[in-house]
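Two complexes come next, and they have one chain in common, subunit A, joined by subunit B in the first and subunit C in the second.
For the complex of A and B:
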């Protein structure tokens, strides 16, 4: 265990706590870059998908994990990102390098507009309002057929940057590097938001709206900014998802996807960037693991191939219930506990990470 | 003539939404948890009945199956609270929301694994008969749904107004600590509320499945019931029914008089407008906490 002596205020908000930490993250980044040389092309495709989900997850994490606002409707903003990205490219023939950030901005503005009326709401009402937005978005995409292609969906062209094209099937490795680069930028942005005043305002609103107000934070505005930034990031993820899926319809970004996104960040660990990545890894690799396990089981039992539709979501649900009951801090929380155990060995105590229970904050005034 | 038919079918749909919404509100009022799996409860209750009574499953008498399904869902609701939800006591509302969503995933998976993903119809004595008055053709099922909902609402009203257990439930929903001091076993009451909500969901499911067909994803209907609950007022039992009726009535009229594609967004539009204008619903009993 390393004790960091902080001798200045800046030391408190440094990106890395100490050199060793910077080294490990640097190593992780190098491995991420070198990944295409280590695994085959199919797995690189999966890795790209993990990164895209992680970007979307980070978007939602900023809202749920950092600001404490539940959203069950983030697939709607992924859809805004994906559709606007393709529309900018096709109707205004903008290059990807312009249309991509623009699509994020569009999603961000959409998020801010949605946040305007809904920031008054909290807790359960906000969850329901965003749920309704997710359902509405699906129907709106169908209604706005001339623009969105309706039920037929849209076809996303190859990403083209300065004459170099990226295609999921043509050159998956280059696409992976591109997504990795975007992921890196998003992480950098995310980290910097958190240590800026607005990030601290987010945490204050999450922990207690009342005391945040007392500290002079404009709660409604902070929530709106959180919504906007969160939707910006999720919109970027959605635009990438559109390119990755090549064809997407209203059903690509349905309610189940909104909920899945929330489940991903809960499994990963709320309130941390790591959580978004762990959750995305679990979610993307789960179908793989299940199919491998199923085949192994089928071989053992001497059956042919068994197929159980909906098994993935069932297993995902059970995993999630297990996590909420037994490890509410998610995979990253478990990792922290294990690491602390070894760092402090043999002085780790059982209740070191025990959470304070907050008793029933009622909304009623009785 | 047309309008009467639209109204009756809208009311029948609305009754089902209202009953599901009633289940949400029961749990919300008592425990401040929102059960996002209520729609899936409804679906599961319908499938259990269907599994008992349909000819190609177990072919038991209808009323026996209904009784058994209600008993099973009651016990299931009780056990869910006893084994799972009670551990969440004192944790944030959002955690409970996510937990119940996951529960919905699991229920949908189980129902799909047992009864398959094809839409099936419940063979009940009230389905498929038509009533004719003059030029009006009404489905027997729709009329029955309205009657049964009315009876059930009356029974629930009597239960909460007169029965000792009902009054205890009211007390523990109004103030848990005070109820506990008065000797009410608050935790057990919570489990019983979950059981009651499971029973109401089962009845809603039986009505829904005898009116049309049901498949494992029918639980997503719960979202409409959410709209109903919010429109009516999340903390109010009559409000839930009222909201259900409003959503049910709006749907067929929107489908009749609006271009295709627009009709299904109406319940959600009303929901969002309600949330913005009057977040606590028409029959609100909740005031926002002020500092």
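For the complex of A and C:
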């Protein structure tokens, strides 16, 4: 157990609590940058996908984990990001460096507009309303064919920054670094939110709206800001997803994707940045592991190559149920427990984290 | 001019008249207590002052100006802070963060500067932290600074909630049953704190409380309510010996006679 001797208020404002923590995250930073030299190009592509999912996940995490508002419609805002990014580039010939942040802003404004009517709802009703947004978005994309290409979809051009092009197949390593850079910016913004008044206002709205009001927090406005920032980040992730997928249609950003996002943050651990990353890693790597496992099983049983339809969704479903039942704090919660166990060894008690409850709660009575 | 003034305030929930034509003034620098049996309308009056309820009739003035046009989240900025009867803290946040939320009405940053964490935001955070540290020192909350509310005992939560209200640096502090569920020693602490809040901090206190020992120890004036109506007002001793108050608490004389007869 480490005792940090604090000598100024800044000790609680800094991004890292103490030197050792800064060292470990610094090491992670170095490993992340050096990753292309450690693994092959296929895995770098997967790592890029993990980062993109983590960005989208952080967007939703801010809303669900920090502000306690459910959303089953975040794929719609990924779609807004992806489509607007390409449209800005093609119709207004804006460079990526302008169209990309602009696509995030577009998704953010869309989120704020959606928040206007929906944030009056609580718990399950908010989830239903946002679910409708996800369904609507799919149809809207088809209807707005002249702009969106309808069912034919859109083709995302290569990312070009000051004459340098990034392509998933041509130079995956450079694309990985670009996405990594954007990931760091998003993490930095997220951390700033957590240590600033707005982050505390989010937590206040999450834990008790009545007393948030009594503390002078404009609850409706705070929810709207949460929606806007959340959709801004998710929109950025969506724009990157568009470039990564190269071609996307209305089906790319369907309801399943919304649910996937929610699954990522719940499995990873609600309310933490780590959670978004753990969840994204599981979501991207699990299909790989499943296919390796399936092939090994088929070889062992002498069946040749087999395909089991719905296996992936089934495994994800079981994982989600398992986590909700046995580890509501997700992978990050499990990691915290293991770490605490070793930090306090041999004084760890089984019920130390007993009082933690999940954030998503339905309407409470005053 | 009184600090807080309620004029003929009435509130109905459907057919039920929760508060019926209640008027009183709270003068600057005093401790004013509302007493009465359960359902008398004490907490409802609090909820009207913090604008969670809108009175059907009547007027509520703070420093001479009406507050009925204000939104609930504007009330702390005017200088009115409150606590809740059933503690309403932010469960998944630390004591420190809870107290810092109390500083929200003093913030000058917006979500954009917050996201970028500009030097101005950092400077503001230091100022807020210092204000909160004064409250922590005042209420002896040092051992709990980093603790999550979800793991704290009831008595400490009660104090944290009072601290969060004090962090607003209000002119008027509304305490909704500050001593309910506390031990004798903790209630004594609350009594000392209320004295200090009045004398040292110069904050006017309006409180709802059932513990008559605490009420008579700290309050300058007391108002008794029953069934939404004011039945007595005056010093703690006057109110306690008022026949109408005794009747409201113990029942009317004739029923006691009947009880004895039977």
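Basically, the second predicted complex is superposed on the first by the 354 of 366 C-alpha atoms of A that agree within 3 Å, B and C clash if a C-alpha of one lies under 4 Å from a C-alpha of the other, contacts with A are read in each partner's own complex, and residues count from 1 in each chain.
In this section, a contact is a pair of C-beta atoms (placed from the backbone, for glycine too) under 8 Å apart; a residue touches a chain by one contact, two chains touch by 3 or more.
Keep in mind it's a predicted model, so treat the numbers as computed, not measured.
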{"item": "Subunit A as common anchor, with subunit B and subunit C clashing or fitting", "value": "fit"}
{"item": "Partner chain in contact with A:192 - subunit B first, subunit C second, else both or neither", "value": "second"}
{"item": "Once both complexes are placed on the shared chain, angle at subunit A toward subunit B and subunit C, C-alpha, multiple of 10 degrees", "value": "80"}
{"item": "Which of subunit B and subunit C A:313 touches, first, second, both or neither", "value": "first"}
{"item": "First (subunit B), second (subunit C), both or neither touched by A:13", "value": "second"}
{"item": "First, second, both or neither for A:213, with subunit B first and subunit C second", "value": "both"}
{"item": "Touched partner set for A:203, first subunit B, second subunit C, both or neither", "value": "second"}
{"item": "Winner by number of subunit A residues touched, once subunit B and subunit C are compared", "value": "B"}
{"item": "Which of subunit B and subunit C A:78 touches, first, second, both or neither", "value": "neither"}
{"item": "Shortest CA-CA distance in Å separating subunit B from subunit C in the superposed model", "value": "6"}
{"item": "Subunit B and subunit C footprints on subunit A, overlapping residues", "value": "210, 213, 357, 359"}
{"item": "Interface residues, subunit A side, partner subunit C - complex", "value": "9-10, 12-13, 189, 192-193, 195-201, 203-204, 206-208, 210-219, 225, 229, 271, 355-357, 359"}
{"item": "Subunit A residues within the subunit B interface of the complex", "value": "64, 68, 70, 117-118, 120-121, 123-125, 127-129, 131-133, 135-136, 139-140, 142-143, 210, 213, 255, 259, 262-263, 266, 308-311, 313-314, 316-318, 320-321, 324-325, 328, 357-360, 362-366"}
{"item": "For the subunit B and subunit A complex, residues of the former touching the latter", "value": "28, 32, 34, 84, 87-88, 90-95, 97-99, 101-106, 108-110, 112-113, 117, 174-176, 216, 220, 223, 226-227, 230, 234-235, 261-262, 264-265, 268-269, 271-272, 275-276, 279, 286-291"}
{"item": "Complex interface listing, subunit C residues touching subunit A", "value": "50, 52, 71-77, 81-82, 84, 88-93, 96-97, 100-105, 107, 109, 111, 114-117, 121-122, 124-126, 128-130, 133, 148, 150-151, 164, 168"}
